[in-house]
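A, B, C and D are the chain letters, set down in written order, and residue numbers restart from 1 in every chain.
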Amino acid sequence: MNRKVLIPIASIIVFIGFVLLKLDWDGADRTHELWEALEVTAGGFLTLMIFSFLYKDNAFYKFAEHLYVGISAAYWMCVGFWSNLAQQAIPHLSQSLSEALGQPFLGYIWHYWIPVALGLILLTRLLPESMKIGWISKWTLAFIVASTAGLFITANLQANFIAQIASTMSLPLLPDWTGFGDFLSNFDLSYEGQFVKMFSNWVIIIGVISGLVYFFFSKEHTGWFGRVSRLGIWVLMVTFGAAFGYTVMGRVSLLVGRLTFLFRDWAGVIG
Amino acid sequence: MKRQIPLALVILFGWLMLALYFIPLEGAQKINENLLDWTAIIGIFALALGIWSLISVNVDKIQYKKRDWPYSIVTLFGLFAMIVFGLKFGGADSMFQGQESYMFRHFFDDILIPIFSTMFSLLAFFIASAAYRAFRARSALATILLVGAIIVMIRFFPFIAEYTRPVADWIINVPNLAAKRAIWMGVGLGIVATGLKVILGIERSYLGRD
Amino acid sequence: MNYYTEKITRALLPANATALLVALLLACATLNVSAQESVVEEDAVGSALVAPVGVSSVTASDAPNDAGRAVVVTFVPAPVPQSEDQALTLSYEIHRALSQDGPWKKVGAMPSDTTAIMTFKDAGGRDTTSSDYFPTETDLYYRVRSMTVDTALFAESEIAGPVQGIGQWWNSGRSPVFWFVLFFTILTLVFLNVARKRGDSLYIRPLAGIDAVDEAIGRATEMGKPILYVLGLGTASDIATIASFTILGRVSRKVAEYQTDVIVPCYDPIVFTIAQETVRSGYMDAGRPDAYRDEQVYFVTQAQFAYVAAVNGTILRERPATNIYLGKFFAESLILAETGAIAGSIQIAGTDEIAQLPFFVVACDYTLIGEELYAASAYLGREPLLLGALKAQDYAKAVIVVLAIIGVIMTSMGYEWFAEAFKVVG
Amino acid sequence: MLLAVTQGLGPVFSWFFWITFAAGLGWLLWMSITGREVERRIIFLFMGLTVSGAVLAGIILPVQETTVVRNVFDTIEGLSEGDRVLLSLDYDPSGAPELEPMAKAVSQHCFEKKLKICYMTLWGTGGAMITDVIALAKVDFPDLVYGDDYCNVGYRAGNEAVLRVIASDFRKTFPTDVSGTSLDSLSVMNGILNCADFKYIVAIGSGRPGIKEWVEYVVEPSGALMGSGAAAVSAPQLYPYYPQQMNGMMGGSKGASEYEKMLRRVYPKFKSSRAQATEIMGPQTVAHVFLMLLIVFANISYFLAKKRKGASA
């Protein structure tokens, strides 16, 4: 027998074996017990299949990957269908159709036909090219891209742009300044100290400006301009390093979560 | 016609959405909300195109026995099984309860979630290999990257943390903030510039030719 | 006991009236049975408190910058009662009516405060069936009732109104955004004109990531392997994705010219549709429409990690010469980039998701940081119009740098209004 | 670190783990001193074994409290009975190991303070997360009444658009709760017209739409008071919003374990409840040590290789 048949059959046998091991025969509700055993075993097997990818691409990984793609695509299609079409559009368009879908009819609103029409126009792409009608699908694309572009221009300006300029501007160069004498006599290196506050404001202001200078495209980065831009990229790099370091923690927690599942729920090694 | 209509739609809706932001009038806000609803509804039709693409690519693989074709059967099996489980008809005592149905939820909980979480947890491994490969003081920039990472990572060490935490906190709160603001401002400008190019009709590669 | 607590309260009032009153209210609420009884007793012996003095100067005006479903009510609280038998005001209820004679409806309440002019915003929705329905463009009347411990003991203010909630045509709080859009649009149009006249002689500094794209296509041709182009997890409503489309258009044209292959697995269905259109037209521009196949651009799934699993598989099985990741990326960035590194592909990435930039910087050969992604299409196409827009971006940046410096100096000198002028409200 | 409390497989395994771990590190150090590159798969293997070992040994380490987390705790601590809190769980199963402990701890805290919680999510997969969190919180509060003590309005499609709308009109997007009951009939939602009517919003999220969108579309326009719980990866980039737009933030498992600690300090009754984030912290820290040493070794081997090259040239 060749490997292509042997491996799947062997895997199925092993899988069933593990399900049986997990099964609690004394349980009252046998069907329920069986389901639970199946669930945990499937979870454990799929986890190991994905981990096997770290060694190399292999049949088990491919199986999990392909299964995952198929199921998730259908899952999102169902979720999208129910939440957008069945609960949003149809209850405004047709009483009989919404009742057929078990949704309450929310009153006829004509303009819900517009997205439905635009959606149907999009589907003309599926028609054979010889019909030469697919080009009207671009109307929908034009509508979506343009309306979101228009929307995002302002939303972004408000939160990411003007708000950031305004908060950079409101940093005083000399916070709580009451004179040199006070500054020196109250000198303090702690976080709340005046020196650190002042230094931080300077770093932010210089960092923002040099960062922006780094993003200049139409001027050669030489001379003093080049030096400022160099400072800008340094600030960016420190940040990236820091962000990487900060992330490690969260990523490992996912692995801990997964391994806890394997050891606790599946293998039952720890309590 | 083929060129003008899409362009007209772009200019009309682009500027309309832009203008609506400034108009607090109820009618204007209603249009705004409805346009957002519309996009979601159109998305479903686009998804139909996507699913069609997924099916045809996989059917094609099976039909011509391309490499790894048996796995395409697995994909199609998962897809159709899930679609069937997601159906809803036959009232309250039917097996088909849409998103509420037993099998639909269990496929989600027992197959999607384990794979999903495991894929995500692969990151822990990749973070290690990426760090080993990239965090070497090869150049000035690489050294800065390395130093930033080390200072922040020490932050999580018990015992040493007490001494390094203020520095790490400072890096995260101050230079980090400066860099993010610089990037945000640049990105903000890039977004506005790209958005303007779209609604002015200058940038239309997304519409293709003709 | 009611009387007693009130006396203490009055003695302490200047200290922190509100906090104390809230505490008192709570105490009364928990003891409400005995409190009510004592009121009855006091009534019986005839030593009842008299109603407090009502609030004065009640005004009602249309709320600015809204859809006309809100009114702002202001009033001046009465001073602290002078005589001992006057009940203490614990809270204010704001009432609304459609006519001066009522019926009145309670629309809100505020805790008592004697220190400042009080402002209450009465806002509601447009749903006539909902309890918070607010009639727009209708005469409305407001009055404020000063409440005491005893619900039967209160004082009414004079009636303010009529006032109408009227929708505005312009949100003045958002004016800074308007001025900036206007400024930037003019700037862009000016530079488009300049670019038209001067052609492509405008200088742009080299970007390593962009230069690498050309090399990468050449390398793929030599190796006879495809190029993998990932548009990320963004939807068509992300401008980063739109920027990526324009780059995809140019990449696919070059790919077609060099007669090699580009694979585009897609995450979002609308993005998938647009990507097909873009790649197809790239092939057309290169004069090889027949070389384009629909399977090159395909939809995978809309689940983040299922998509990643599939792309990972593609990377390890097809072993593309180059992987290009441009668009919106989230947690998957490092998984993709490290798998690409395992497969030995040259990797070019770019995103405006700041959280993911570190991973791309660490694991990819070239990374376009933030705005560079948006600039890339101008670099690749070298079309005068796009270069002009890039120039406009640079000028806008220069203006920001100057404004920021002026703003910081103004703030340091105590002129906070300058920075305030840039704040967007509402 | 060896003082760490062990649960798991017991002290013998724990010692075995530490000794093997040290031996492995020694081998890695030897590899780098002799200038040999370690193959990627060996690093994967080390990572896997380190974390597995730490999980099996059940290592728990002490945590320190920080202001940014304490702000969230203190805000909730300062609310009074009956105040309404909006809890948005914008994550999916992959974010759960980090974020679920936060959601659980905040829920426990709110219920202990007799605050009313409205749960919502911006993620399609978030519905299941809400159910999980409610189930976890209910272990300590079995008498909670749906509709009076908490409610779940679930998920609505539309990402940012949902936030844009609920900032001004909560009922427009969520006319009903997750099971179709009108919000008007739930006492939790009495008088709640928009997001600013909640005394406090806690957005717990791991991506987009998430905390940044909450700030942009809800806090900025409506001025609502918000605290957040972020995945460790997105925490640094959310710092610019602290403390103006959000008054506190829990970052990753670290933030969650701090919150768990505060909760147990103020309310000792929760000591018997499983502190999930604190459990995760031990293995995480061990993995961290490993990773740092890995970087150090990488640099040692790089410098030694460079030196050798310099000597031979």
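The criterion applied here is as follows: a residue touches a chain if its C-beta (ideal position, glycine included) is under 8 Å from a C-beta of that chain, and two chains touch if they have at least 3 such contacts.
Since the structure is predicted, the reported quantities are computational estimates derived from the model, not experimental observations.
Q: Using the contact definition given at the top, which chains are in touch with both subunit A and subunit B?
A: The shared contacts of subunit A and subunit B, listed by label, come to C, D.
Q: A-C versus A-D: which has more C-beta pairs touching?
A: A-C
Q: Approximately how many whole Å separate the CA-defined centres of subunit A and subunit D?
A: Chain centres of subunit A and subunit D, defined by C-alpha means, are spaced 16 Å apart.
Q: Where the centres are mean C-alpha positions, what is the separation of subunit B from subunit D, in Å?
A: Whole-Å distance between the two chain centres: 21.
Q: Among the residues of subunit C, which ones contact at least 2 other chains?
A: Subunit C, residues with two or more chain partners: 174, 177, 181, 237, 239, 242, 270, 273-274, 277, 300-303, 305-306, 309, 317, 331, 354-355, 357, 359, 361-362, 369-371, 375, 390, 393, 397, 400, 424, 426.
Q: Which parts of subunit A, given as residue numbers and ranges, touch two or more other chains?
A: Counting only residues that touch two or more other chains, subunit A contributes 50-51, 53-54, 62, 64-65, 68-73, 75-77, 79-80, 84, 88, 122, 125, 138, 141, 144-145, 148-149, 151-158, 161, 163-165, 167-168, 205, 208-209, 212, 215, 236-237, 239-244, 246-249, 251-252, 254-255, 257.
Q: Which positions in subunit B are in touch with at least two other chains?
A: Within subunit B, the residues that touch at least two other chains are 18, 21-22, 36-37, 39-40, 42-43, 46-51, 54, 68, 108-109, 112-113, 115-117, 119-125, 127, 129, 131, 133, 135, 145-146, 149-150, 153, 156, 172-173, 176-177, 180-181, 183-187, 189, 191-192, 194-196, 198, 206-208.
Q: Quick one: which bits of subunit D touch subunit C in the complex? Just the residue numbers, please.
A: Its residues touching subunit C are 40, 80, 94, 169, 171-172, 184, 193-194, 206-208, 220-221, 233-234, 236-237.
Q: Name, in rising order, each residue of subunit C that touches subunit D in their complex.
A: My answer: residues 22, 26, 123-125, 127, 130-132, 305, 328, 330-331, 342, 354-355, 424, 426.
Q: What part of subunit A is in contact with subunit B in the complex they form?
A: Going through subunit A, the ones touching subunit B are 4, 35, 38-39, 42-44, 46-47, 50-51, 53-54, 62-82, 84-85, 88-89, 101-102, 111-112, 114-116, 118-120, 122-123, 125-126, 135, 138-157, 160-161, 164-165, 167-168, 190-191, 196, 200, 203-212, 214-215, 232-249, 251-252, 254-255, 257-258, 261.
Q: In their shared complex, at which residues does subunit B touch subunit D?
A: Residues 33, 36-37, 40, 108-109, 113, 116-117, 119-121, 124-125, 127-129, 131-133, 135-138, 146, 149-150, 153-154, 156-159, 161-162, 165, 172-173, 176-177, 180-181 of subunit B touch subunit D in their complex.
Q: In the complex formed with subunit D, which residues of subunit A make contact?
A: 51, 54-55, 76, 79-80, 83-84, 88, 155, 158-159, 163-164, 167, 239, 242-243, 246-257, 259-260, 263, 269-270
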